[in-house]
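Down below is the structure, laid out as structure tokens.
A, B, C and D label the chains in the order they appear, each numbered from 1.
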Amino acid sequence: MANFGGHAIPGSFFLFYGFWLIVKHTLQHFWRTTQPKGRQIMPPFFKKMEYLEGGLQIFASFVGIMVEQFVVDGPHAHLYDKENNSWVKLMNWQHSTMYLFFGISGIASVASATSKLVPVGVDRLAISLALFVEGFLFYYHVDSRPLLDRHIHSLLLVAVFGGSASTILEVFIRDNIILELLRGGLFILQGTWFYQIGFVLFPLSGPEWDLTLHANVMFVTMCFCWHLAVAVLLVTCTASMVWFTVKRFSVRGRDIEIGMRNSSSKTSSQKALLEESDEE
Amino acid sequence: MANFGGHAIPGSFFLFYGFWLIVKHTLQHFWRTTQPKGRQIMPPFFKKMEYLEGGLQIFASFVGIMVEQFVVDGPHAHLYDKENNSWVKLMNWQHSTMYLFFGISGIASVASATSKLVPVGVDRLAISLALFVEGFLFYYHVDSRPLLDRHIHSLLLVAVFGGSASTILEVFIRDNIILELLRGGLFILQGTWFYQIGFVLFPLSGPEWDLTLHANVMFVTMCFCWHLAVAVLLVTCTASMVWFTVKRFSVRGRDIEIGMRNSSSKTSSQKALLEESDEE
Amino acid sequence: MANFGGHAIPGSFFLFYGFWLIVKHTLQHFWRTTQPKGRQIMPPFFKKMEYLEGGLQIFASFVGIMVEQFVVDGPHAHLYDKENNSWVKLMNWQHSTMYLFFGISGIASVASATSKLVPVGVDRLAISLALFVEGFLFYYHVDSRPLLDRHIHSLLLVAVFGGSASTILEVFIRDNIILELLRGGLFILQGTWFYQIGFVLFPLSGPEWDLTLHANVMFVTMCFCWHLAVAVLLVTCTASMVWFTVKRFSVRGRDIEIGMRNSSSKTSSQKALLEESDEE
Amino acid sequence: MANFGGHAIPGSFFLFYGFWLIVKHTLQHFWRTTQPKGRQIMPPFFKKMEYLEGGLQIFASFVGIMVEQFVVDGPHAHLYDKENNSWVKLMNWQHSTMYLFFGISGIASVASATSKLVPVGVDRLAISLALFVEGFLFYYHVDSRPLLDRHIHSLLLVAVFGGSASTILEVFIRDNIILELLRGGLFILQGTWFYQIGFVLFPLSGPEWDLTLHANVMFVTMCFCWHLAVAVLLVTCTASMVWFTVKRFSVRGRDIEIGMRNSSSKTSSQKALLEESDEE
């Protein structure tokens, strides 16, 4: 997938997934903080979200593997070419492997939501593993390429391994909104950085980048920090918007509920008064 | 042990040990989750398992050391050859050292099961130490070899050091089924990867691998991820099978128990009725 | 800012910030340890400190960015020079990026103090992120420079990344005075080391340092440890001074309070006696 | 101190300190496990041990610094030789710096034992810092030396940084006997390895070691693991011996105590009986 589209597609997916995570975990956090301590069972709505997320992950991974295998210049499920004594399209196979682990993570997500027998935290372990495998393959992916190409991919690894590390922490520290938003933010960062890689290596317009110039490396490093700042901004805005939207709806719902209670209690107190006056 | 067998033997051991760990820890987890909170003392059955495991570890390590020392081309317990001013068969000595630490881990395991005086977690520290020493020796083992040979061994280190790190966590986070299965899974991964090393470096049939080709390195990296996926699959299947087998037996046992209680209570209530009627 | 002043200004800021942190956290620790367990709400005085700190951070970052951009030889907000096909003053842009993240940290600090909706620990995550970005940019900053220049900057990274790591721990381990003082101490260390870098690279008097001499590298490494010892000393002295000053005032205040209570209770008991005698 | 003695002296100190730690922490662990939950205040005996340890540490560090500075070929407190434009005896200065931090650790130890105002864990942080500084200086100490010399020192760093990492954990995980014994064991390992470095670099008898031979590097790596095994053995034996010795004494003491109580209760019950009979 050595073109702009090949970086834009995964970038869009990660971006979308990151936003989804922010929305999901903000809703969960809202639910957790507003519930009284007695009620600790998650409402079925969250389970449905998990099923949807897991299902989409499995579906997208399956499509991804199929596309990588059966595009025109793909390996068509052939691994080794005995005639030429060479491996067939290892790049596509590597991408398929990455998708495979995101698929496994989807299965773990669905399984965790379905059954209480699956130990708590398996879903996070699977995401962490998927990110680890992605970073692991990328790490050996980029040897023997020009300086800037190698550097821009190695910066991706900061987001990928950072995400893997923060997610494995979630296996032990559950329901920590900071870690959850961090995970979402690192997926967003990964998404935008995939776009950036596409823009740098396959510019849509303008001159080609000099892949060996040190100043370009310096700019790209700084640019990664800007993406990080943008990711922080996006996470903050999204989470705040979701929080205040939910709050307004929830307050309205409660107002109605309280209003109904009031009116009913009013009636009952009126009744009581009437009864009292009757007794008198 | 520079042949296929020399990699298949430790590989089989690690594979077997990994499966054993999955079975043991799934049983323990089943026991933990199904017991009421009052009964916290492990049944003696688990202690016997620990004795068996530790004993086998000690025995296997002892045999391993003896074999490494006294095979035909072994060092026969000679360390330094004063005539030639050279070390005698350092490879065998290194393997003996690795076995030694697995033996120590076996002793720690038995000691932990025997006496309450041994601090909780010493057994895990000893396993972690054994894995650390294995990785540590391998790390300096593979310098100055061809590219692919070095790479395929360094991938082994991912499983070894990963296992060491996850096991040291268990010293502090006890009875966490995810960490326990992770440990088992990493031993299985180590086992299958030992076989893979054997197949690559000493192919049983077909042409030799080109140990300097970059494409081979890329394939082997990806192949490691496939082994990881297979390990995840094996852990999941084994743990599920053990869980459901135990559950069926346990339900049956309880049914019988309940049935007996019912019949006995029935009889006693009938007796009570009779007595009551007698009194009347 | 390749001159002595360019190192002395950030150095002074970090030094000042470090001392501020020590004072603030010692006061908080004093408050925490002397309060009875019932009263757990921080007095408004600490909130005001947070506002002040955050506000100053935002202001200083803004000024820093403006200065870096609009000094005489600055980039004046131009990033790319199309005529010469080159980046404009990347160094100033990098410093602006660093300031940006300290500004974000200031915003997070103010937001944390203002609203209870901001998850606990976001302020520390933002500081950790700011330090990470600082270290990250410095890391790629110093390639291709003479040995001593590279080494003296890489020692700075020990303080920067050490601070980032210890601060991220504070997201999970709250109100731990040791981690808080460690953070303050590492900022002080960073401050004094900035001065040291200035003295070595741009000596105010005396001969230039030979930037390639190995003995100089050895001395500078050792000198970093001396700065560390000085930082330990400064933290200890400052924290002790603040503690005992507060204690004296607090004891005096309590004495007065107790004195007043005593006199009032005396009067009331006298009254009670009088009343009793009246009754008699 | 480039001779055998220069490695044997610190080696002996670390060895002695390691054993001391094992004894101290085993006694503390015995005390913790045998006390009923009510009594949580450490007996004054342990405080005296802390004073002794801290005092000896301060004294030894002071002597160490003095010796390094004022031996015949020492720097005599001169840092820079202006005539030759060169640093004076940087090696001795580096060793002095290391001693300085062990001295600071001694001060922290005494301060922790003296006053409750010193936050819990400061003593461990100071030990961790002292080990970090030792490792940090050694790390840059050994550049540009022959292969084996560099390797044998870098193995020392495994023990030093391992000790630093495990000790910093103790700031957060208090009274964990495993971490405490691990710290002791790593000091013992450091001690024996210092001796080993002395034997290899300055052999007392026999031929010189070839510092560039790869087989020697391989042997030394393995030898480090043997030292580790010996350290494990020494820790286990020492801790067991201390434990059982204390237990015997404590049981005897309790027997006497119980015996006295029995006799006294006997008398009192006899008295009661007498009284009862009197009443009859």
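Side notes on the structure shown:
Note that a contact is a pair of C-beta atoms (placed from the backbone, for glycine too) under 8 Å apart; a residue touches a chain by one contact, two chains touch by 3 or more.
Bear in mind the structure is a predicted one, so any value in this text is a computation, not a measurement.
Because chain C and chain D share one sequence, their contact can be compared position by position; here under half of the interface residue numbers appear on both sides. Work out the mean CA point of chain B and of chain D, and you get 33 Å between them.
Chain C has its Cα centroid 47 Å from the Cα centroid of chain B. Residues of chain A in contact with two or more other chains: none.
With chains as nodes and touching pairs as edges, the resulting graph is a single ring in which every chain has exactly two contacts. Listed by chain label, the pairs that touch are A-B, A-C, B-D, C-D.
Those residues of chain B that touch chain A in the complex are listed here as 29, 158, 173, 176-178, 181-182, 207, 214-219, 221-222, 225-226, 228-229, 232, 243.
The touching residues of chain D, counted against chain C in their complex, run 85-87, 90, 93-94, 97, 100-101, 104, 117, 119, 121-122, 125, 129, 133, 136-137, 140-141, 143-144, 171-172.
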